[in-house]
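Note that the chains take the letters A, B, C and D in the order they are written out, and that residue 1 is the start of every chain.
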Amino acid sequence: MATTASETAGPPDQATLDALRDGVAGVLAEQSGSTAVHAFIDGKRPLDRDLWSQAASLGWLGFGIPDEYGGLGLGARGLAILHAELGRQAAPGPYIATLSAAQAVADAGNDSIRQAWLPRFASGEISAAVPATPGSAALAWSGQAVSGTLRCLGAPDAGVLLAPVADAWVLVELAGADVTATPMWDPTRTVIDIRLQQAKPAALLDDGAGAALTRAMALAVAADSAGAARSITERTIAYMKTREQFGQPIAGFQALKHRAADLATKLAVADEMVAHAAERAAADADIWVMLAKAEVTEAAVFVTTDCVQLHGGVGFTWDFDPHIFLKRARLNEVLVMANPVLRDQAAAGLAAVTQAGRSALELEP
Amino acid sequence: MSILDKQNDLPAFRQAVRGWLGDVVPSGWKARMASASNDEFIAFQRWWMAERSKAGLAIPHWPKDYGGAGLSLRHLIVIADEIARADAPQARMFTISLIHLPGTLFPHGTEAQKRRHLAGVAKGDVWCQGFSEPNSGSDLASLRCRAVRDGDHYVINGQKIWSSYSMYADWCILLTRTDPDAPKHRGISYFIMDMRSPGVEVRPIRQANGRSEFGELFLTDVRIPAENMIGRENDGWRVAQATLASERGVIAFEGAERQRYEIEAFYRRALASGAPWLRDDQLRREFVGFLAEIQAGRHLLRRLLEENERPGASASVLPSIVKLSGTALRQRICSFMTRIAGVDGQAFAMLAEAPFGSPMFEFMGAFTGTIAGGTNEIMRNIIAERGLGMPRV
Amino acid sequence: MATTASETAGPPDQATLDALRDGVAGVLAEQSGSTAVHAFIDGKRPLDRDLWSQAASLGWLGFGIPDEYGGLGLGARGLAILHAELGRQAAPGPYIATLSAAQAVADAGNDSIRQAWLPRFASGEISAAVPATPGSAALAWSGQAVSGTLRCLGAPDAGVLLAPVADAWVLVELAGADVTATPMWDPTRTVIDIRLQQAKPAALLDDGAGAALTRAMALAVAADSAGAARSITERTIAYMKTREQFGQPIAGFQALKHRAADLATKLAVADEMVAHAAERAAADADIWVMLAKAEVTEAAVFVTTDCVQLHGGVGFTWDFDPHIFLKRARLNEVLVMANPVLRDQAAAGLAAVTQAGRSALELEP
Amino acid sequence: MSILDKQNDLPAFRQAVRGWLGDVVPSGWKARMASASNDEFIAFQRWWMAERSKAGLAIPHWPKDYGGAGLSLRHLIVIADEIARADAPQARMFTISLIHLPGTLFPHGTEAQKRRHLAGVAKGDVWCQGFSEPNSGSDLASLRCRAVRDGDHYVINGQKIWSSYSMYADWCILLTRTDPDAPKHRGISYFIMDMRSPGVEVRPIRQANGRSEFGELFLTDVRIPAENMIGRENDGWRVAQATLASERGVIAFEGAERQRYEIEAFYRRALASGAPWLRDDQLRREFVGFLAEIQAGRHLLRRLLEENERPGASASVLPSIVKLSGTALRQRICSFMTRIAGVDGQAFAMLAEAPFGSPMFEFMGAFTGTIAGGTNEIMRNIIAERGLGMPRV
């Protein structure tokens, strides 16, 4: 596989990444805490827009974009950290779509396309829409213009769509386009149906854009799920320490302790899957990113489901947090590609690497 | 000739029930209810109860002395089966009225209480249950809602939660603490409360699936006549055991039969449309595994209903086993349906007419099964301690 | 599907079956308790032969054989009870092979074949060997004689082999045949390799014998697994009530109580799967028998594995019971047909029934 | 030029280790060991330890003062990786000698104890651990094996169990009770016991997989010189914490690396032979899922080994998380291998040369992972209480 733009910046060191994580976490904890998210969900606060401005001004939207195009060049590892923290606070906004579209442009665009688009993504000037499942349907392509309807991940006011046509990918500006928002169970992300009629693409990218988009989305979704699952587990355990029944905090009941320990163990494994996938994001024919998306999103559904249960009665009420994370985990689970299909593709990749006489499992250089 | 007249010929009885359902169940009722206002929901539930009443099928299992038809278990199975097969409405709003109230009054009520309150049920009285409190969920006996004697009344102050359809209820079966100094199981008294009494306030609880099936009761100086106490003062815990035991699989039975038809219809559609998951080894096997569990669950429910007719049934933990296995299965089925529905299945939708047409709604709703009516964690305690004799230490 | 011999006797009533279960359970508890089975495994007691004589004299070997051929005509429900009790005591002996072969002969043999063989099975005069996985390989058939090698479930001194040839099944007497016993992890059953060279079959049965054998074996294995799993669960809970750690019986630890409750729930479901399969054994294109075998044997592996764990250190020692049941459950899991394949076949059966406009899920008549 | 001379050039060091292993590891050793007698097993283990010693790789992680080479974590990772890659023997019989003994003596031993006993390890002394008792497994601190002072000796009476390779051991690190009246953690003392002392009897314990890796110790009036006490009298519990903490992922690391090569070799064979399970959606997906977990586990183990080098590491519950996830994964992998091996996989066989060639042996053996060295139930307690701060009530 060719070296891609997101690799060229050179890997950031762990200390840099840890500091960035702390920074992102601190801002999100302050801005997108439980109260703020509930207010957003209940239509009482434009948290999505507030966060977006802040993300732009703090450079988050350029995490994965090379320096020369206005980004920080942190690569997949940096993006994984950002998405995990966004998931952790169930932050509303079109981050997965926009940051992943930027990765696809960075990886598969020629220099003039990068010049034209990456600074706009990095600055937050526009957000992107991308197909919710990039492999499933393509727009019709006349050679001049595209037509068709796509169900996309992205904000209703997305500025640009990255979408597949027959053998290539296009960027289409969305000003004035026919966009319908579909209300989703997950109140923190938006899915939109975009209907195009003879729309002229602003840019044409080769098919590598599809692979890059899928890879970036898969990693983003996996990281988001890991963060979301960890967050609601921590909140659930905190709740269990205060909730008393039978004269003691329910956190003291051994059956619940063992379940919490199993959740913590699952989270530790999920985090490593994301870390491993981020390290290998451009190698090994995407095997590990695809597996991470499949495994971690399913783990997150399991964990968030159990967190509802561990809350008892209040767990399934609107006013408590668990349902927000469960719904986020369930949307994540079906984004990008169905998990069984991802596992099949990972298996095919593994077979190819193995038949080529290589090992996909090396960790040390 | 009414349906009940055919009770001695079970196949004919079944045909009669089926015929009646074919006539009376309005097509498209589900889609209508999915977007119904509260008033429409109530009106529809009342209409359905009235229809069942007209056909003699509102309280067919009650003794004849109290307006029932004294039907056998086998008849009830037929009725539930046919209602499920017809995808007829559930009498959700009347669950407490039809099952828990009689289950309490028959063994513990005075003759006057039975005459007065059971008669109201057939006429459409809605009852709710005031048992759980915000701080007394699994540990019900720790409840603190106070009742203080004042002449020929008791004065109630406190809070109740998870009271299904209490927003629409006429009456409430209420657990209160009358002796705060006694050991927790010994100071509880059991009342019938008129929901229209001054001082009763009900707030609906919004669930994660968007519905509000439960209410929270705020009781401030509510006066209940002393004659409305069921059983003796401070003996309410014992009476409550009858309430809690009264259900023993009846609702789960109808639910399991509904699920059977629902999943079968889903499968027929999938076959007819050549759904992709049918060609996927993993998903197809997962699905047929559910069918084996569904059948086992239906078997188990029949065993439970039969057991209920035998003496000593109340000592069995089969209801807990049925609840634990059935609600977990429901959750896994809904989760499977949610997975295979992909991104489209994540679009917000309430109840849909097509089976599992809004799997996420069903999945979110499945928590009422695993949590309400005694969490599955409490079920495990019961099975281990009462069923397996594992010690409480 | 045609009415088969095992149905004609009319269904035994529940009281009869309950009494039979009590009788079988009583004998096995006395004869094949933990001490006896350990002595057998360690080569100190011929428990298999002792039990076989007793089973013959008590009529157990005729449970599924119609009255007119020397049996009790109890049908699939009777056989399910017997196999569950044999599993419960981990009884050694070729019961699954012999009783299932008898069912196949009863279902698919003509009257003279039934006359010749069923009384010999019912009396215990001979035991049978059957392919461990009936669908996997066939003997070569010259039109006169059979040749080939088959891995079979059965005793090393089995008197007769029921085996597939091209389009049919044969009964071959084994006196003097080349039989090699393979030592198995499960010490309570024997698997033998039978090598035949130009052996003359004693009888020829049509292909229905294969379906009948598979059905009977699947039900037998499911019942055996349900009994085995229930038994070791009971023994494990009894052990947990006596084993003390941290100053209390470990049965009092809530995390272990919840696991035991889950096991009990799984067992209750498994029992109903077996009961349902036994009721439907000759109907619904074997859907339910196949599913019961797949689901119950996997449940039994789960349960017996957890019973080893719940025993702690002694759980994986030779001298305690759990490994015996775990090994029995693991052999059961792979007998008859791989469980994924059974589920596929059940799915095919379900599709056929459904496409024919019928329902496979009716319980009430 | 020896291997250790290349320690400043990690790739060269790796090549040297790889070259040495290529020269020294006899082909077919696994098959030979599968049917080896006890004597052959012991001889082979001693030979392997001697070879490692010759190459300077017996105790390379120990400080130079005590005969080690003071190698860094990164070197140890390389050694373990290369040993796993070469499918070289494990130094099973020397686990206590190489890890637990130094882990105890470095912080708590006297200089004389260190000089005397650490020197023996490089020469091939086999150590075992006398901690658990039949009635003190998970609740180790309840141990009852008595040590009573008699002049300049202590006299030991009692029983120990689950003592790996104690049948072949020269020495034992032993926990005893010296003050039966003190609270249970306060009356324990820690000894070095010569296994050749009169009154020491060892009986092997037969496992369900046919092997006997553990022994039971029967101690009758065994006399231990007082100078063999590690730490102070009645302070043995604190010393034992060092023993228990000394492992912290070292053995699991090599195991995880071995498993990686083993499963990769298994997969290459399956691909080459066109194994049917590769064409089965469900089984193929299950397998690739294991690979994701294997990689995550290897990541986690590296994180643990790095953490060990940092101050305060002993407070982390990462070892428990690693054990819980790793042993459960091993069990699931072995169970998968057992399933797909069908009836043939149920034929009795011990260790086979082909990877997962006797999956049932591996499956039965996997319980030593989930049970020995602290059951996974104890790991859950630790994670919940120490890691998540959930209260002990």
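The criterion applied here is as follows: a contact is a pair of C-beta atoms (placed from the backbone, for glycine too) under 8 Å apart; a residue touches a chain by one contact, two chains touch by 3 or more.
Predicted model only: the values in this text are computed from it and were never measured.
Simply put, of A-D and A-B, more C-beta pairs touch at A-D. The chain with its Cα centroid farthest from the Cα centroid of subunit D is B.
Averaging C-alpha coordinates per chain places the centre of subunit C 40 Å away from that of subunit D. Between subunit A and subunit C the centroid-to-centroid distance comes to 50 Å (mean Cα coordinates, whole Å). Residue positions of subunit D touching 2 or more other chains: 280-282, 285, 377, 380. Counting partner chains per residue, subunit A shows two or more touched chains at residues 253-258, 340. Across the complex, subunit D is touched by residues 132-133, 151, 182-186, 191, 244-247, 255-256, 301, 305, 308-309, 312-313, 315-319, 322-323, 326-327, 330-331, 333-335, 338-340 of subunit C. Residues 237, 240-241, 248-249, 251-254, 256-258, 260-262, 264-266, 268-270, 272-273, 275-276, 288, 291-292, 294-295, 340, 343-344, 346-347, 350-351, 354-355, 359, 361, 363-364 of subunit C are the ones that touch subunit B when the two sit in their complex. Partner subunit C is touched in their complex by these residues of subunit D: 132, 135-139, 142, 161-162, 205-210, 280, 282-283, 331, 335, 338-339, 341-348, 360, 363-364, 367-368, 370-372, 375-377, 380.
Of all the residues in subunit B, the ones that touch subunit C in their complex are 77-78, 81, 260, 264, 267-268, 271, 278, 281, 284-285, 287-289, 291-300, 302-303, 318, 321, 324-325, 377, 379-381, 383-385, 387-393. Across the interface of their complex, subunit A is touched by residues 253-255, 257-258 of subunit C.
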